[in-house]
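Multiple structures are listed underneath, in structure tokens.
Presented sequentially are two complexes of subunit A, the first with subunit B as partner and the second with subunit C.
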Partner chain A sequence: MNLRKYLKVYKKFLHTSLASELEYQTNILVDLITAILSLVGSIFLLSIFFQNSGYIGGWKFEQALIIQAIYTILNGITNTWFNPNLTEIVKHIREGTLDFVLLKPIDSQFFISLKKINPSGFLEIMLGFLLLFFCIRINQINLNLSFLTLSSITISCSICILYSLWFFISTSTIWFVKTWNAIEVLRSFLYIGRFPLSSFSFSLRIFFSVFIPIAFITTIPSEVFLGLTVFWKILLEIIVATLFLINSRKFWLFAIKFYSSASS
Partner chain B sequence: MISNLINRKIFTLLKVQYSNMLEYRVEIALWAISGIIPFFMLNIWTNNNLNESINISDTLLSRYFLCAFFVRQFSVVWVVFSFEEDSLMGKVSPYLIQPLNPFFRYFAQHLAEQITRFPFALIIAFFFFILNPESIWIPNLGILLLSIVSTFLSFLIQFLIQSIVACLCFWTEKASSIERLLFIPTLFLSGLLAPVVSFPAYVKSWIYLTPFPYLIDFPANLLSGNETNISGGLIMQILWIFILFPLFKKIWSEGTKKYTAMGS
Partner chain C sequence: MVQNIINVKNLSKSFDISSKEPGLKGTIKHFFRRQTKSLKVIKDISFEIKEGEIVGFLGANGAGKTTILKMLCGLIYPSEGSILVSGYLPFRRKENFLKNITLIMGQKQQLIWDLPPIESFYLNASIYDLDKFEAKKRIKKLSEMIEIDEELYIPVRKLSLGQRMKSELLAALIHEPNILFLDEPTLGLDINAQRNLRKFLQKYNKETNATICLTSHYMKDITSLCKRVICVHEGAISYDGKLDLLLKKLSPVKEILIVCRSEEDAIKLENSGFTVKNKIKNEITIKIENNSITSSLKTILNNFDIEDLFINEPPVDEVIGKVLIKKDYDI
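Let's look at the complex of A and B:
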């Protein structure tokens, strides 16, 4: 692994994909409006839940907004990097162009996960941060160094888990050929991440922390923001994220052994 | 003679598309699973006793969300994505030469997909009843027929809206981002995530003039036996179809004039 070489290659990736995406400028504007509307919609839904009760699963409205903010940031990251790249795997495998990726003198997982970028997701990330700063103000959270490190650690762990989930599903295309809809299933499960985990029933809570760790993705970082979290939860998230990342790597190396290109 | 010909065409199209859909059973099963968001929402509603404030009992609310799931299953439309791909790849040109509007092809595709999806939706409903045995009910035949009709009308409204958006491909190439924008109000206002009854008054005052509550809330209320204005809802659905259909015909004829095939 030559870090400098990969940085250089990544710069080229950024350049080419930004150039091609900026061709569709009105598209970016439409995507911005979509991101704003979708945030307004979910706050509207949240306000319906709270209109007659002060607490949902032990969370106040102002606290639940933090989850929305973190969800929006993570969704923006998904739309910027994971969605454009990892849906491409499905296309590579169906059309047999994965051959060209595997032949390149560069790590194939790196190539496949970071080749493209969708700039309209940046707007969503910024929107999420705006909401987050607003939440920090209304919840009167003190910013200090240990808080900042803890929150950035948990959010980066969430990003790793999210990436691995997307990557697992897209890689399974090697066996199943068409998995567009498996991605849709993942999307609908991720929808859970907009709400505090404690607002669901016990069985769903178990399902979403053991089988698909969506609970870790938004709830734990939000708890860090509110100062509610306990140390073992953060440690657990770090362990889960590391396990997921290592396994995504192993899974990719395992899966490409089964890849037989289009004509063979 | 002419009607016979049309019947034969539609029958052949359906048969072809149905066998095509049967090829991808797993994909359709996964798609059916990805529609379970209403059940997550139901979980939040009942787990936090939020339904007390809107005077709907647990059983009626769980029936409502089950019906919302069913209505959504049979009114999913993706014509804009198919049409965008066909139009970018230049596949629309051969369709245009045929003496049949290409949208019939997509229409048959959707119907065939719904037939394939039906057993999977039943299986999910079966599991739902095992988990919530108290919500089992049998709607009477008249209501059942009426709700099938209104679900089909809801499908038609969404199909027409998306076809109108799809025709924008003739001008902008990437029409799917406009569809994603339109999907946001559909998601939050149609009653998929929360019944329209629970919306705050300032939304309820204008929402019944838009097509959204007639997409999921109205058919789901009808089928689940919740209170709803049956004749009013059906009239509004038909009215929207009468508004949208001429619009679609207009934009289609304008668009085909504008169309320039690849290489011409």
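Let's look at the complex of A and C:
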């Protein structure tokens, strides 16, 4: 793979999609306001849950805010990259314009996963990081190299798992044509990631760890921040993320063999 | 000797198609128990195309032309048989193969809708690994050939269909491919835009010796660009050969309108043994076989007092229309 070429192409992707999005100023403004209101609403909801008892699933409000911060960062990444690109796959497949992607001398998964960005998602990422720094302060977390390395690894793994989940569903459009509902169901499940996994019943904890690995997406990185996690959990998250990423690649290569293109 | 650039042997393609009965009952049945059947849309076809050739694929809607084109460029996996394009198996979509080909579809677009075409050109240039200087040079050259200038800087959504199609062509040709697959490129364009596009394709073929495979329902595209046509009927090839031979075969007679000096001459001509289509006063229309046209006209001009004479070619659309509904043409 020619890395220089891919960086050059990605720079062009950034340029063209920013230029496209900035054509519609009002839309950007509405998205920015939505991102702020959504975060304020989520924190307000979380504070209501903690009003009667100081703990939920063994987590204090200040600790649970870390999960909210990581969720906001991941939701920002979803809105910046995954949502605009992976919903576009559905459109490409339904309208047959995937033809143009497949005939380009560039990795098709790279192309369809990164071609577009939604700049308003950047604000959400920034707000998430601001909240995270605030949480680091109020929880008096010691920022050292091993902490920074582990938190970066677990957040990167969360991004990989989240991307793979979106990608699996979007790719299945090749067979099922309309999978929009499945993406909405996934989004609903991701809302659950705003709460500590230990606040759910045993059966739900199993479900959100094994079937839809929400636990890996927000809880484990948050535990790293609080120094509550154990090594095997981090290792498990790395294994799960690697497996998800490898399988998303294999699934894509398998799926495009069944792509029949839309009729003209 | 000119090399074959496309080799297709015993190619077949089947699709699983689901069918649905009409009405609510049919819809519910279709939802719970979908019945699919395998439909062979391409049936054991073989052909070769030489480098620099322009070949037209003719056929009715659903005959399989686009499926053939999509298999040739590697978008669809063949069910049986073999395809070799420029020495590559298309469906493997190797980088060097993809750098050599392009697909242009009249009804689909790759340009970024909200931005001027120039942005899409530079994006494509980076995908094809062209540096900025080379990209600029090629855009200039192609935009001169295709005759677009200020449209390059207007958002695609504000361009007319003709201007968009020109821009689509430029976006698809920036990497200077030597094999072009064109699926109804003139669809929806007005007469002038169609003519310009054909002119451009002829020029591109002449200057670069590119091979062009074209499908179109506009016969003018086929007659002005293609010397060779491949007729596809229900997934099988019904004719593969020169277009003029096909036209001769399908329309063996010409109609000649003769204006005589007097009605008496017209009556004399009517009774002279020619096949008469109709006669109005001193004007008479006769049918003459293509192979005896010179001798027949000589006889008429020597023996009758003729004021004027018109030779009518049958409309190509009408002639080609016969191809679309017939299974086999043995020329």
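The working rule: the second predicted complex is superposed on the first by the 263 of 264 C-alpha atoms of A that agree within 3 Å, B and C clash if a C-alpha of one lies under 4 Å from a C-alpha of the other, contacts with A are read in each partner's own complex, and residues count from 1 in each chain.
Operating definition for what follows: a contact is a pair of C-beta atoms (placed from the backbone, for glycine too) under 8 Å apart; a residue touches a chain by one contact, two chains touch by 3 or more.
Just so we're clear, the structure is a prediction, and the values are computed from it rather than from any experiment.
When the two complexes are overlaid on their common chain A, residue A:Tyr259 makes contact with subunit C while staying clear of subunit B.
After overlaying the two complexes on the shared chain, residue contacts for A:Thr97 are found with subunit C alone; subunit B is out of touch.
Counting residues of subunit A touched by each partner, subunit B versus subunit C, the larger count belongs to B. In the superposition on chain A, A:Arg137 contacts neither subunit B nor subunit C. Once the two complexes are overlaid on the shared chain, A:Asn52 sits against subunit B while remaining clear of subunit C.
By the document's definition of touching, of the two partners only subunit B reaches A:Val185; subunit C does not.
Shared contact residues of subunit A with subunit B and subunit C: 24. The touching residues of subunit A, counted against subunit C in their complex, run 2, 5, 8-9, 11-13, 15-16, 19-20, 23-24, 95-97, 99-100, 102-106, 257, 259-261, 263-264.
Only residues 15, 66, 70, 73-77, 93, 95-96, 98-99, 101-103, 105, 107-110, 112-115, 119-120, 122-124, 126-129, 155, 183-184 of subunit C touch subunit A when the two sit together in their complex. Residues 24, 26-28, 30-31, 33-37, 40, 43-44, 47-50, 52-54, 172-174, 177-178, 180-181, 184-185, 187-188, 193-194, 198-200, 203 of subunit B are the ones touching subunit A in the complex. The touching residues of subunit A, when paired with subunit B in their complex, are 24, 26-27, 30-31, 33-34, 37-38, 41-42, 44-45, 47-49, 51-53, 56-57, 176, 178-182, 184-185, 187-188, 191-192, 195, 199-201, 204.
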